[in-house]
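Okay, so chain A shows up in both of these, paired with chain B first and chain C after.
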Partner chain A sequence: MDIRIQPRGDIAVVAITGSVDGLTAETLLSTLQGHVQAGHARLVVDLDGVDYTSSAGLRALLATVKEARRRGGDLRLARINPNVRKVLELSGFVTILKCFEGVDEAVDSFAP
Partner chain B sequence: MRTFRATRLAELPALLDFVDTACAAAGPDAGFAVRLAVEEVFTNVLAHGYGGEGPVDVTIDADTTRIRVLVEDEAPPFHPGDAPPPDLASDALEREPGGLGWHLVRQLMDEVRHAPRDGRGNTCTLVKRLPVAAPQQE
Partner chain C sequence: MKRVAIVIGAGSVKCAAALGMWKVLRREGIDLDMVVGCSGGSIYAGVMALGYDPETCERLTRELWTPKVTMRRDWRSMLGAFLPKVFGFDGSLGMVHDGPLLEALEPPFGGRTFEEAAIPLHIVATDLHDGGKVVLNRGSVRDAVRASIAIPYVWKPWRIGDRWLLDGCLSDPLPVDVAIREGADVILAMGFESPYPRRIKSATRYAFQVNSIYTNNLLRANYSFHNLAHHAEIIPMLPDFEREIRLFDTDQFPYVIECGARAMEAQLDYLHRLLESPEPAGA
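What follows is the complex of A and B.
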């Protein structure tokens, strides 16, 4: 798994590539949490390069969105592949996380 | 029929490669479901069965109608059915992350059975039925 973070104004676009599993989710969680705790609480997670996630990945997203919202920000998802979307739907995550077709739409959604 | 033994979380990538290879003929959707179910059962056995590490044998028997997976461990008997159901409805700030793994296993597999093994350990049997192929035209 590879994680790249690019700022877009005060929003961080986090592009993940590879599998988010029980081994790699810890890295994802510490990266996202570290970013939020450093004061960057508005995140767009670009999942175009993610072909697989288990519940470990969902727990990392849940912990981060909680932290981000406590700080007045949010974590939003973009470009979700079909199998990953299925996991999000089965887990009820599509009702708590805002999901967008494209990264630009997700970034724009933060505009007041 | 093929078997892979993994004992530590660090061996998860090798275990998932084994699953991908064993399920390659079944197509990507079934392969994804079995991969996810095996990871969830494996990590559950390590965390709640062994509390760390221990031997887990994963055997996959695939044919054109179904994929059957046996996950056998030597951990003390435990019953994943006793785990509380996951919280799928609360707002994000109240939502607890527990129970999601088993919920996904039950949603993605057609059969999930868990039983103590003779002697020591547990056996988890997972079955994923495959869509029936359309008959070939002559």
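What follows is the complex of A and C.
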């Protein structure tokens, strides 16, 4: 799994490539949590390059969302591929996270 | 050594995809530590655990699940439900007589017990009187499967011991928690959302439709909870059916099995790495 973080104003766009699973979730969690704890609590996670997520990946995303919201920010998802969307729908994530077709749209959604 | 479980949820013919998943696991030499089944999934969990080879499992389940099992109406039960003062209501309703179903369950499960299963087997049903999830893992496999597939209003509940049991999908359509409680580290969770038919053309179909609504909502709620509340690694196995698979489409078995195998192949590399990794499964 590869994680690239690019700032867009005060929003961080996090592009992930690969699988978010039991072998990679810890890395994702520590990267995202570290970023949020450093004061960057507004995140857009670009899932275009993610082909799969398991329960460990879901737990990492949820922990980050909670931390971001606790600090007044949010984690929003963009460009979710169909396989990952199925898992997010089944696990109810699409009802608690804001999901967008494109990264720009997700970034713009933070505008007041 | 990580303990591997397969959990097969409710889904009638679609559950045959589990046989495709299992074929791939056998080819790869990945042994199962337990199999959990619910509703339609209990049929496949049962045949797999009892030690039949995949081809025999396919034949037995294809012969079991035919429209014949729903063709005989249970007039006595319906009259009792709708004219209780005349015929007496016995506390449950099943529009379909379970005689053909019980006959169909005999070849794979008649006289077979959980104790003789080659792979530890757990079948989930629902207690009619308190709504609780009941995990069956002792005694007659036929009785457990009959209880687990007792679709409300379609078949009457089935009595085991002092409990009347209904379809397991009423309490948990994809019971991954059973595998977690039994100590599984890696859970291959094969679940299916129930289809909504385009037309509801009979009371039986209406019953199926209402059940589908309950079940789909419960599936999402429970799956979400289990994914987030536990530390086992739950690998979702969601076969991609490009064709519509209806309740008795057993002629689609080869296709359904192939879809299950494809879903497993897609996760195989990850599963191997996970099983070989010294790290806990659901970090």
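Criterion: the second predicted complex is superposed on the first by the 112 of 112 C-alpha atoms of A that agree within 3 Å, B and C clash if a C-alpha of one lies under 4 Å from a C-alpha of the other, contacts with A are read in each partner's own complex, and residues count from 1 in each chain.
By our rule, a contact is a pair of C-beta atoms (placed from the backbone, for glycine too) under 8 Å apart; a residue touches a chain by one contact, two chains touch by 3 or more.
As the structure is a computational prediction, the values presented were derived from the model and not from experiment.
Engineer: Give one word, clash or fit, describing how chain B and chain C relate on chain A after superposing.
Structural biologist: Here chain B and chain C cannot both sit on chain A without a clash.
Engineer: A:A25 contacts which: chain B (first), chain C (second), both, neither?
Structural biologist: second
Engineer: With both complexes superposed on chain A, which partner does A:L97 reach: first (chain B), second (chain C), both or neither?
Structural biologist: After superposing on A, A:L97 lies in contact with chain B but is clear of chain C.
Engineer: Look at A:L43 in the shared chain and tell me whether it touches chain B only, chain C only, both, or neither; answer first, second, both or neither.
Structural biologist: A:L43 contacts neither chain B nor chain C.
Engineer: After lining up the shared chain so the two structures overlap, which partner does A:A78 touch, if you call chain B first and chain C second: first, second, both or neither?
Structural biologist: After superposing on A, A:A78 lies clear of both chain B and chain C.
Engineer: Examine A:S54 and indicate which partner it touches, taking first as chain B and second as chain C; both and neither are also allowed.
Structural biologist: A:S54: touches chain B and chain C.
Engineer: Between chain B (first) and chain C (second), which does A:V65 come into contact with in this model arrangement: first, second, both, or neither?
Structural biologist: A:V65: touches chain B, not chain C.
Engineer: Touching A:I11, do we find chain B (first), chain C (second), both, or neither?
Structural biologist: A:I11: touches no partner chain.
Engineer: Could you look at A:V87 and tell me whether it touches chain B, chain C, both or neither (first, second, both, neither)?
Structural biologist: So A:V87 meets both chain B and chain C here.
Engineer: Looking only at the overlay on chain A, choose which of 56-64, 146-154, 200-208 or 272-280 in chain C hits chain B.
Structural biologist: The segment of chain C occupying space taken by chain B is 272-280.
Engineer: Would you mind listing the overlap between the chain B footprint and the chain C footprint on chain A?
Structural biologist: Residues 19, 21-23, 52, 54-56, 58-59, 62, 83, 87, 90-92 of chain A touch both chain B and chain C.
Engineer: Which positions of chain A touch chain B when the two form their complex?
Structural biologist: Going by the criterion above, the answer is residues 19, 21-23, 52, 54-56, 58-59, 62-63, 65-66, 69-70, 83, 87, 90-92, 95-97.
Engineer: In the complex formed with chain C, which residues of chain A make contact?
Structural biologist: Per the touch definition, chain A meets chain C at residues 19, 21-23, 25-26, 52, 54-56, 58-59, 62, 83, 86-87, 89-93.
Engineer: Over in the complex, which chain C residues touch chain A? Could you list them?
Structural biologist: Against chain A, the touching part of chain C is residues 191, 193, 219-221, 223-224, 226-228, 230, 232-236, 238, 266-267, 270, 273-274, 277, 279, 281-283.
Engineer: Quick one: which bits of chain B touch chain A in the complex? Just the residue numbers, please.
Structural biologist: Interface residues on chain B, with respect to chain A: 9-10, 12-13, 16, 28-29, 32, 35-36, 39-40, 42-43, 86, 88-89, 91-93, 95, 97, 100-101, 103-104, 107-108.
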